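As written, the chains take the letters A, B, C and D, and residue 1 is the first residue of each chain.
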Amino acid sequence: MNMQTTIAGIPFKNPVMTASGTFGSGMEYGEFVDLNQLGAVVTKGVANVPWPGNPTPRVAEVYGGMLNAIGLQNPGIDVFLERDIPFLKQYDTKIIVNVCGKTVEDYVDVVEKLGEEPAVAMLEINVSCPNVKEGAIAFGQKADALYHITQELKKHAKQPIIMKLSPNVTDITEMAKAAEAAGADALSLINTITGMKIDIHRRKFAIANKTGGMSGPAIKPIAVRMVYQAAHAVKIPIIGMGGIANAEDAIEFILAGASAVSVGAMNFVNPYTTIEVIKGIEAYMERYHVENLTDLIGAVE
Amino acid sequence: MNMQTTIAGIPFKNPVMTASGTFGSGMEYGEFVDLNQLGAVVTKGVANVPWPGNPTPRVAEVYGGMLNAIGLQNPGIDVFLERDIPFLKQYDTKIIVNVCGKTVEDYVDVVEKLGEEPAVAMLEINVSCPNVKEGAIAFGQKADALYHITQELKKHAKQPIIMKLSPNVTDITEMAKAAEAAGADALSLINTITGMKIDIHRRKFAIANKTGGMSGPAIKPIAVRMVYQAAHAVKIPIIGMGGIANAEDAIEFILAGASAVSVGAMNFVNPYTTIEVIKGIEAYMERYHVENLTDLIGAVE
Amino acid sequence: MKQKQTAVVASQKEIAPQIFDMWINTELAAEARPGQFVCVYPKDRSTLLPRPISICEVNGDKTALRLVYRIAGQGTAEFAGYRAGDSIAILGTLGNGFLEAVGIDSLTGSIVRDDVEITADKMFSGKQVFLMGGGIGIPPMLQLAKKLNQFMEKDRIQIIVGYRDAQTFLREDLERYGKVFIATEDGSVGTKGNVMNAIAENGLSADKIFACGPMPMLRAIKAYAQEKEIPAYISLEEHMACGVGACLGCVVKTREIDHHSHVHNARICTDGPVFEAKEVEIG
Amino acid sequence: MKQKQTAVVASQKEIAPQIFDMWINTELAAEARPGQFVCVYPKDRSTLLPRPISICEVNGDKTALRLVYRIAGQGTAEFAGYRAGDSIAILGTLGNGFLEAVGIDSLTGSIVRDDVEITADKMFSGKQVFLMGGGIGIPPMLQLAKKLNQFMEKDRIQIIVGYRDAQTFLREDLERYGKVFIATEDGSVGTKGNVMNAIAENGLSADKIFACGPMPMLRAIKAYAQEKEIPAYISLEEHMACGVGACLGCVVKTREIDHHSHVHNARICTDGPVFEAKEVEIG
């Protein structure tokens, strides 16, 4: 039985990754999970300079999920390269760094610095964070802006780049195609869906930022649909995510067309989720006599 | 205490309605609910001719909600006028008829026939059904198409028209503004969000139509966000819906800017939901000494 | 009158691997007809839709319903954890019922449909019937058999049931109300094969068929009934959202234009679940 | 070592209206420090996020934790329904703890931070402390008081607690480990007013403050500590998603640039929940 999956020529020992922003750089969950077992660790978004993020409350619970408006708080690429990369290098797992920015130049800056670090396998470009006022989200919601930034980053990136798509669009296939046409090596989707919660007793927003990105099991059907649509629109591989809580969910994404999957919010609920997903996919492959994980990709009829 | 709300000049005894397609024309739920107590009954979508709808399975459960692809099965406007309207006329509640079609002409046809029926208080135009292949969904996803159909229907409609918006768009405010500019009297949102579920054991879609419209508590944060955004973009009143299960949920929509609310999928789970919502809003108003329901509309800070 | 209510579990036991037998106390029992079902609602709020479960039996004083079900997923797994005294959320009673599909009121035995000419006593007395159940389609046959004993002779009630293996749940119950013929897939009990094989092997015949079970079985019965020119009343399954006819989720294609929908679709939850086989297109 | 586990409820009772007192058997008790908390996870799958609850007490042989909590919403309402023998999902133990915030390892009494020069015995012996709790901020003060008894004289442990009314839950427990001063909003017991009024009325003074309670109380304590030039260690609350420092959901603005975030934000779940008041900006 072969759990290996390949994205942009890079082999991953299994298709299970951590979703950016839900796993830090692995340190916190290293107490629960043997990082060596993961297909990849995808880090929290990192910018060219430290970002303070949004005021609190930053998280709120919703039915079957959560809202967050962390606002991409991060220590900046320099600290990240000094502290987080050396930590992750100790493990036998691939490192994918999630990159955020406000302008194309910001992104280029980070991408270039990461180019110096061969331990980083791939870059995931977050053009879809709904919690940052400036720029970033527009890259993820307009096909031409997405095309432009993808093309620019390809000029500077040493590693293959994954464009992370926003679900807050009319037509995900249009975005997927724009990224592909501009040279993206892979896509990841979905980022969070913009949501809102109001505390009716205080008549105030539950999140200081008013809106927050929704994630968790509640969004899974929307995510599966978008992965399926995108997979039918482009040839580049897709990393699927949105509400994955167990192996069944992960397999659903793979059958819909994902070459790999990420576990996000459910890490918070059950820190052992990633490992359980890996074991569960193995069990499924055994039960249905599936030789290669790749045979499952897009195999829904 | 005054529960009345007014939409396009029409007074409703309270702000609680049934969401189209989840309550038939009231007959089935008349066994559970005193229809006289409802602010309005919004009927299942009706077309100019009978529609057979989609193959089964048409419904599937998802985490905190459901998918449906009924495909707007309906007996056509003639049967509807002969059977459903006389039934509803027996009750002291407003009648809002949901209208569907494949072409502008189809819609006009239905709207004109309904114009002959003074018992119908308003028309809700479903331009956002994601489960019909032809036309309809495009009206709800392109601002210019929405503008065009709204304008055409306004020429023919005797009753005020509510444009029912699709959440499957990049920017709900753009759609809301287009409908307003074209003369819509009110908006209702959200319709269902396109989703997908895959049965991993059979490797088949859970819904014959592959995709289905997602509704239920899981989508509420997205719906509340869109109602809030739309309410800040237009002056016409908004009927809010999406996952309302109880009075707290309904009040959340009202605080976000809805002048009325509809209960959809939760009727299926608890047939008494509408009545419980009405009673719960009353209790809330009493607890917080709110004289007029209208004081709550958009009152989030 | 349909009602959603919180009832109380009277007892529950596992009668075969993954098959549970639950009695619940509810006044809905007074109205229950064989072939009807109830919708059961999981308590966990992530699973909102109702789980339709057939009425397997009604107790003597009509104060309790018996449900026999297989664990199929999250909802039924939750139900299987209920113990005596626990609450259970149900909506019922739903659907038409087997005799109602024939045109007879099963509570009184009298006629309910224009095209039916004789009461239950006259319709069934001296006739032969098949009650055919496959797998988890067997439970509703119990209450039907019990009911038919009011209108006809026990040994003319031929109950033909198909199981996977020797786990022949409900067998003793069924034997109280009719002549039971068993088919098992692995041949461990009765005829090896399915219910059709059991008919052939035992040389059985009937004037009417009532059936519930998997789609291939129902298709075979439809074909058999057509060949023998006898009516077959089959209970269908479909995924449901409302259970009361409002959502149009649970339709089946019909031969004639359906009077309610005005298209070729009937609602399984309200127009069915029991249909005359020749009226529905089940492929 | 943090762990998510299924523990067992040993007992539960309501000790004041809507206030519940639950003991759970768990080996996490061996590691528990006063001021730390555990995350409790509702079983209903519609409510996924953890509910942080402070450790109120650890039993003598360190095999059980006591949690005292108020019903605030759906999660705590679910917990309140648990009975002895039920399972409960917890993650723990989390956060730094009161003495750890001072620079002392509460399990050993020894020094853990570079800038601290003396062990717990030396730090507390002969000194006066305030343990201040408001409302549902009172529970963590119990284990802290109990612990401080190992390092100092009982009557120098001045426990000042504020309640709404005469429902003075945990009072007897606290009295075993220190001198208790009570304030009630309605004046029914002790000083009428809040904990600051109780300090004034009783003419109390201290060398160090430990506090947990609503934000206005913590702000008043911060101001008081600044005026008196004594250190105050306060336990903060924020909505949490992970509880382990990964999501950056639960931050508080800090005076200095935080060493982990490299911005002026510390994580309440891992860097706190206890902070020296002057280090955090609480408005």
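As a working rule, a contact is a pair of C-beta atoms (placed from the backbone, for glycine too) under 8 Å apart; a residue touches a chain by one contact, two chains touch by 3 or more.
Everything numeric here is computed off the predicted structure, so don't read it as measured data.
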Query = What is the set of chains touching both subunit A and subunit C?
reply = B, D
Task = Could you work out which chain's C-alpha centre is the most distant one from the centre of subunit B?
result = D
Which of A-D and B-D has more C-beta pairs touching across its chains = A-D
Remark   = Expressed in whole Å, how far the mean CA point of subunit B lies from that of subunit C is 36
Task = List the centre-to-centre spacing of subunit B and subunit D in whole Å, with centres computed as mean CA coordinates.
result = 48
Note = Whole-Å distance, C-alpha centre of subunit C to that of subunit D, is 58
Task = Could you list the positions in subunit B whose residues touch two or more of the other chains?
result = 63-65, 217
Of all residues in subunit C, the ones touching two or more other chains = 45-47
Request  = If every chain is a node and every touching pair an edge, decide which shape results: line, ring, star, complete or other.
outcome  = complete
Task = Note which residues of subunit D are touching subunit B in the complex, please.
result = 45-46
Partner subunit D, residues of subunit A touching it in the complex = 21-24, 28-29, 31-32, 44, 50-53, 56-61, 63-66, 68, 70, 73, 75-76, 79, 216-217, 265-272
Request  = Would you tell me which residues of subunit B are touching subunit D in their complex?
outcome  = 63-64, 217
Ask   = Can you list the subunit C residues touching subunit B in their complex?
value = 1-4, 41, 45-50, 91, 238-252, 260-265, 270
Partner subunit B, residues of subunit A touching it in the complex = 62-65, 67, 141, 168-171, 193-198, 200, 203-205, 210-211, 214, 217-222, 224-225, 228, 243, 248, 251-252, 255-256, 284, 299-301
